[in-house]
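Going in written order, the chains are labelled A, B, C and D, and every chain counts its residues from 1.
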């Protein structure tokens, strides 16, 4: 089972290592990146990857390669997806597929014509903590869902240059939370209302984005949800979920750096949450790649299909409009505009 | 210092006991209630209260009584407040003063004419946990406020008969949270958006109310806030606050029944939160009455003035309108309508 | 029901206030203390106590007084107990009854001749947390006891002058933990082995005592127990118990000052344990006095009889000998020496 | 850097995988086990290990192999260690080196003659939690050590057949805790006193061992320590440490299965501790092998030398004698008997 990785950044390397480590018979045949660094070459050598390309098309064209992991910059995801799908490859694509719904529709069209697997990189669905919460919900432990609460805060903001091309906080950061709302509730979103502020860095505001947000959502199953985001939490990467229902609540807390607790005159101090998303979700990244390759091998549906990749983008666009226009926005309004 | 209590229900008795226990020289001279029960008579005897009236006016007319605690049903608060104020008495009035802003304005007018103290019963401000959080905020420990989150859930819904006269969830239950937003943020509220659902009891819906709500708020200081409410939490009275800012977060957790933790094959189980509001806020009730009488004695401003009592009502009315009309509502819109 | 309090220190006042507050018909008729301070007089006036004596015998001789609370210095406990018992009074006596087992035997002899109630002041048995743990044990939640662990640390050492007359750490401080071992296990102690060190204050060592100890115990029911003590914990009054058995464990944690948790670059900091024994056990002190007076009223056995007061002293003496002689000491060895 | 693994059980495989995964240039050249199973062959194939032997001597004799990992049964550790050392190989040896101190002395003698690295498998020293606690201690955060407490309980007892050859609880299970006492305190042990009971399984008693123990220790630095062990904890693998000192305490808690917390009418239930030692210490196993190979590569001393492997055996023997003879036993007494 030969794999090609497009994009040799952090996440591309993480996926490559996971595939090597956890998937029997997996072989990374090639990696492609327009900017190949010495560090990448060294990493590829260590991993036994023999082909390093600047042009990703060499991977697309390689008949031996069955699986393509798209880890390049967001603006290339949909185009490469389409090319890879049309070349008959199974595709794992980092989130989001695209900010432009029409481009996602093109990916969907390509998938209809080619019988290949496609998985979008919402790795949080594979996190053991969120998964255990989901299982508790499915096992009926909280009864019917009443209120779903998600807190999602980054340890610090990305460079403003990134924010300018990221599609904004709702499509870049909250998109994971929109996916989590759908995953955890098992329901579609009906309507969204978003408020936001620039409280972390004025440059983010100048770039046309916000850095702090509260988004309330009505779900189709009648339950309510709320997400709060911030680009900066001094205490680390804050990733919590509370699923509250008629029989009780299941909450997912942060994973701490370690289990030490120091007691002294200041108080009783536990460790901070793990600081970095790669550290926090390392196991989840491995699990999603393993699950994807397993889907290819056993010819079953992937756990995060192209539709699962589309939906959070629609919610993100609705949130964006809600904040700009200061009104609640129905997802149907966005869907209608794109003929969905 | 002679005190008269109007309303001999649970909260009237709690305040009477607090005054006796914690305030030097306090004497409950009389208690009035239209429905005097044997239990009330027994309680009054034990407390050494010599005068038990059906008609509260006997308390108003008693020249010896300096302080009146209004613990009667909500619809009588403003009328009795006005009478007591005009009779020159210092008044402690349970929340809310009234659902009708015009009535509150009449109380304010009475207070302008009479130099007496007036305190509204927002007891959570006197809870040692919320107070410690507020002190942490004032001490700069979280820096500038970014996001304030309040979870407030009752262990079970009140009788539907109560809901019909309570003014609805926003004026009866969330009003405490609106007060907490102002207390903890030190800021006024600019705009509110509320979504709600009937998920606990259909009868509540038939009575024209909701039982589950998420309210997002823009604050005048630029920060964001969100409240989530539910009339039923199977695990008890859920009262939590998170104040998140540029330097970190201070969170207030629930007070548990006791500190035992049982570990077995099921998991590691701590006790539930204290179940009942009287139990949870017993110390706070004592502290608010003590603070009020102290304000009278030392002739200082009370900690929860009539204006502090008015503001959450305005926010509650805005929330109600927001939910009905499906749009964000500015507090100024409500204020303008009442000439405030 | 008229009460006399002998000893007007902190604990005497606490018991007086509890009796007044929580016991119907209780009246503190007199208080006696060889050193009456202005503060005591002021306190007595506020409490409506009309008789303040230097000589406790006036309380013993007062025919109207039915109940005597002995809160004087430890060296007077047994003598006053005997006098009060012989005068037909019900006696609540602070722990320990005496360091001298023969004196306790004299109290027991007096009790055999006079049909009065006698309760020893092991207030921890009345703490809601330890009581909940005991109830979990009795309900079979941990199965058969395997290992009982008690951590008991003071926030800071008492004055060395106190240590010189206190009977040493085992009779003054650990005695509470010996009582807790018996309470929580429902078993007698078979054998004890103690190691100790002077790590807090050299003056304590010069006074012939230790300030840090680990005591391991074999229980008659076959289970094991261990206590660790220290006279100083910088983070407050550390009072924890773990009861581990065949089906699981119930642990009692510390009561914290409040429920706030601050997260920042340093970590996630909860409050310290309550710092002072009066604060930590305030409710328990009230509960023990209420229980005692209830026992008098209903003519039932007290919850901490003279024998319950004797046993921990025997264990304490065994622990002392164990440490001095560097060997495990059976309780039977001590008992035999005293003809028990 | 070619490696040979002797013993193809669980831990041998874990070490093999760690070496492959985390150490650059590591190659497992051969694995030896008297009982080669199909599962082992499959595992070896997957790992690319080309040589599978029944006789470990083929590894000893292989000149190309520089490093030997001894993961065979305890009774073979010292003999194979000596052979491997004399063949000039660097040796990682699972704990304990031997139950017989004289055999360990022979290993020490072999090491004196051959300049090779030797590391004993006390993996807990490499656990991130214990290591963070140790760093806090070294950083002075708890001041001078007063009391060190270790709770170490297995989820369930091993087969009685294992217990018969394991050397007993003190040499098989507590030996890790004795090592942890030395690691965390930075001090040697002066004297030990052990009490034990058979509370889990009578068969363990019939095999001449106990299953529940409390061991108190005097340390040479003047501090006290206590360990409690049990072969069965229904809630999982209980591995906790408290290091209490003049400035405060650092505690290491359990690692839980995941971070979910369920609140309902029963209470607030967090997950159990990770259940199995391999799961709990997986990262630590990787870290110890990495550290060992690093020591070989950079020619530095290993982090757990043969002397570190000897000391806990001496303490274990003292504990065993203490329990049998019912008296505290000095480590010097054991050392003297072995001419140490």
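By our rule, a contact is a pair of C-beta atoms (placed from the backbone, for glycine too) under 8 Å apart; a residue touches a chain by one contact, two chains touch by 3 or more.
Please read all numbers here as calculations on a predicted model, not as lab measurements.
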Remotest chain, chain D as reference, centres from CA atoms: B
Interface with more contacting C-beta pairs, comparing A-D to B-D: A-D
Between chain A and chain D, centroid-to-centroid distance (C-alpha), Å: 40
Distance between chain centroids, defined by C-alpha means - chain B, chain D (Å): 58
Chain A residues counted as touching two or more neighbouring chains: 233-235, 247-249, 262-265, 271
Interfacial residue positions of chain C with respect to chain B in the complex: 21, 24, 46, 128-129, 132-133, 136, 141-142, 247-255, 257-265, 271
Chain D residues within the chain B interface of the complex: 233-235, 256, 262-273
Complex contacts: residues of chain B adjacent to chain A: 144, 146-147, 149, 151, 153, 193, 195-197, 199-200, 212-214, 216, 218, 222-226, 228, 230, 232-235, 242, 244, 246-249, 326-328
